[in-house]
């Protein structure tokens, strides 16, 4: 174990953690407002990756234009998802909306398999991101370096929106008490759409950064990250944006540390997330930064 | 003999103190009322007694045993049952099923015996069925036993909730606004039921806004306001206490 | 005539008649007097899917818990049968890269024992998952079971000395007759039906209807949720064990979590509170999935190649069906009711008066 290898893995861990954090924010916000696990969030991340592939490779857009296109397309997809799969079931029993969420996720995965085939496609090589940089003897790609900073900046932006803007206040009100917020004249649909817009944009940006690190794009690529990011959100305290970021970092670090120090268990890397889930549910179910919620009876 | 004591109970939700240093004693076999304006903490008190909330401070003693912080199902097993302010029946199940479910807590057979329909569990099932039908009959609901709970008229739903609570073999019954929204006929029937329950030796703690019912059946009142006990005593004393009138009606209209 | 049939004695005769017809059909199929291997296989698969779907309905439809773990529990049952029923002499040929774990390599169990063991192991795993997760609000169960399904596949792929990893296990002894599948299916559905209609089943339904009220009526939520979840896992494991012997081979890729979606579609289609609905839907969906294969093949109509039809279309249609069901027909075929002769007769009665007026109307 050289110090260089350790530093390299540490950087990797932070980088992966930030990616988990970006997706985790989307899950935590939607759950906070709708009490719904948006199973399809990971698939929006997947579709964003495909949008990028097509924008750059098929439509020959330069990467910065493609990024804008991808973000817009992902947001459109997220809002469409909410309008068609979740809104009609807002007054239905909880089981129905959960089934709809999982069904939407499945539909997106099958559509992707049908339209793009299951054969993995290569994420476009954005030279500016994949270029390697030598930092204190450690070789890292630009993407790896800027990812954590991007996440923190975006976290700041999201927190600014939720705490300092009118729509943000509305979002906080709805997540605290849905019925009363409605009675106070808050436009619930607008609030929910905004939540999905924010979540989907973050998923799109996450897809960009992820693709530069793991260039394989395939229909089920969003499944594992989706599950892990929801677990990250639970770890940090579901409903708490900062918690999701914290949870993401911890999860990313834990995974990389396992692979670094116990390389024979690399095959079980994905299992770390679930062990963490079980542990946090046993020890502190409200999550690291979560608050206890009492239901009115 | 006091069957229930609430000692120095305080309930805080974050910055809000719903119940502040509450002390209540309920005598066995009597009917006690908890009255007070909306938001006074009456349902919160119920939730603390039945284990839905764990009080921030203080304890609840039932038949000499400290039941503070126990889960609701354990408290019900000890003999305290309740109805809800907003009816919480098992809406899509039949009237009979609602009552049978309330018998489940006393079952001795394990799930394997029940599934395999072994003789002793069949006996228990028959016994539960008989008991449930008798109870439904007493409360005038036997004819509706196969109806779906949410299809019942409002008054009958409230009656079913009371029947369900009684089916748990409770010795202390907590009724949360049982008379709300009832017409004259349903009200009279309710009054009879409550007095009948008292005759069987079951203690009743009642939260109620319909003063006519309180006056008719209650032995002793406790008045709450802003989470604190304002006063207590027989109903007529409470009714005429100027502080109580002020709590309900406000200062200017205290003149009557 | 319909009204005459609608009394208790006649209903019993009708039920017996139905059972006899059913038994005859199975016997004819089984002894190969009618049908072919393809049909037999679909029917056996439907029987297996019935078991797993009813077990899923017990947990999701009757107790109201959102569990997505059936694929994982099936895998446990399937691998138990695979590991223990392959004849000892054949083991070395299967575990040819990494030898089988020495303890397991000596154990060979009769099919029935392995099957039940598989169910019990699945139930044990369910209890282990349920202990931390079911004490809380059941929302997390979906993620935990979905995750478990994924992890079990990862474990089975990596624990090579036990499961032979990605190579899988084959040469599993096949079943001599269709009655194994149908017999176990009938027994399983019966047992679950008995459970649902017992006091414990009512407690499960109470939890589904209103957890707070159920707890207030003395029902220990945690204990009953774990009970339901474990029983559901047990039967899913049994289904998995049968699946292994039907296919005569298992490998981790067969139990990808997407398999659970089949059962989800079945229970939504049949009605999430109806056992008979699930049974009917299981046969409909299993055969339907086969019929839908037609969508995966290129299609030429009148010499024109319709571009939509290519691999993957089948699953798109399948997932669209699930979405349409949950959005517009969330009660499925039977909702919370069971199939009964009364329902069938009512259907006929509804049609009769219309026919009469038609006749009257055209009498000009």
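All chains are identified by letter, namely A, B and C, in their written order; residue positions are counted from 1 within each chain.
Please note the rule applied: a contact is a pair of C-beta atoms (placed from the backbone, for glycine too) under 8 Å apart; a residue touches a chain by one contact, two chains touch by 3 or more.
Note that the structure is predicted; figures quoted are calculated from it, not measured.
Undergrad: Which chain is most central here if centres come from C-alpha coordinates alone?
TA: Given all protein C-alpha atoms shown, the central chain works out to be C.
Undergrad: Could you work out which chain's C-alpha centre is the most distant one from the centre of chain B?
TA: Centre of mass proxy via C-alpha means gives A as farthest from chain B.
Undergrad: When the centre of a chain is set as the mean of its C-alpha atoms, what distance in Å lies between chain A and chain C?
TA: Their C-alpha centroids are separated by 33 Å.
Undergrad: Distance from the CA centroid of chain B to that of chain C, rounded to the nearest Å?
TA: Roughly 43 Å separates the two chain centres.
Undergrad: Centroid of chain A to centroid of chain B, CA atoms only: how many Å?
TA: Those two chain centres are 46 Å apart.
Undergrad: Find every residue in chain B that makes contact with two or more other chains and list them.
TA: Touching at least two other chains: 52, 84.
Undergrad: For chain A, write out the residues touching at least two other chains, lowest number first.
TA: Answer for chain A, listing residues that touch two or more other chains: 297.
Undergrad: Can you pull out the residues of chain C that are in contact with at least two other chains?
TA: Residues 212.
Undergrad: Can you list the chain C residues touching chain A in their complex?
TA: Residue list for chain C touching chain A: 60, 64, 66, 68, 129, 132-133, 135-136, 139-140, 142-144, 146-148, 150-151, 154-155, 157-158, 212, 257-258, 261, 264, 268, 272, 310-313, 315-316, 318-320, 322-323, 326-327, 330.
Undergrad: Show which residues of chain B lie in contact with chain C when the two form their complex.
TA: 50, 52, 71-74, 76-77, 81-82, 84, 88-93, 97, 100-107, 109, 111, 114-117, 121, 124-125, 128, 164-165, 168
Undergrad: State the interface residues of chain A toward chain C in the complex, per the touch definition above.
TA: 35, 37, 39, 84-85, 88-89, 92, 95-96, 98-100, 102-104, 106-107, 109-111, 113-115, 117-118, 223-224, 227, 230-231, 234, 267-268, 270-271, 273-274, 277-278, 281-282, 285, 295, 297
Undergrad: Can you check the complex and tell me which residues of chain C touch chain B?
TA: On the chain C side, the touching residues are 191, 194-195, 198-200, 202-203, 205-206, 209-210, 212-221, 227, 231, 273, 336.
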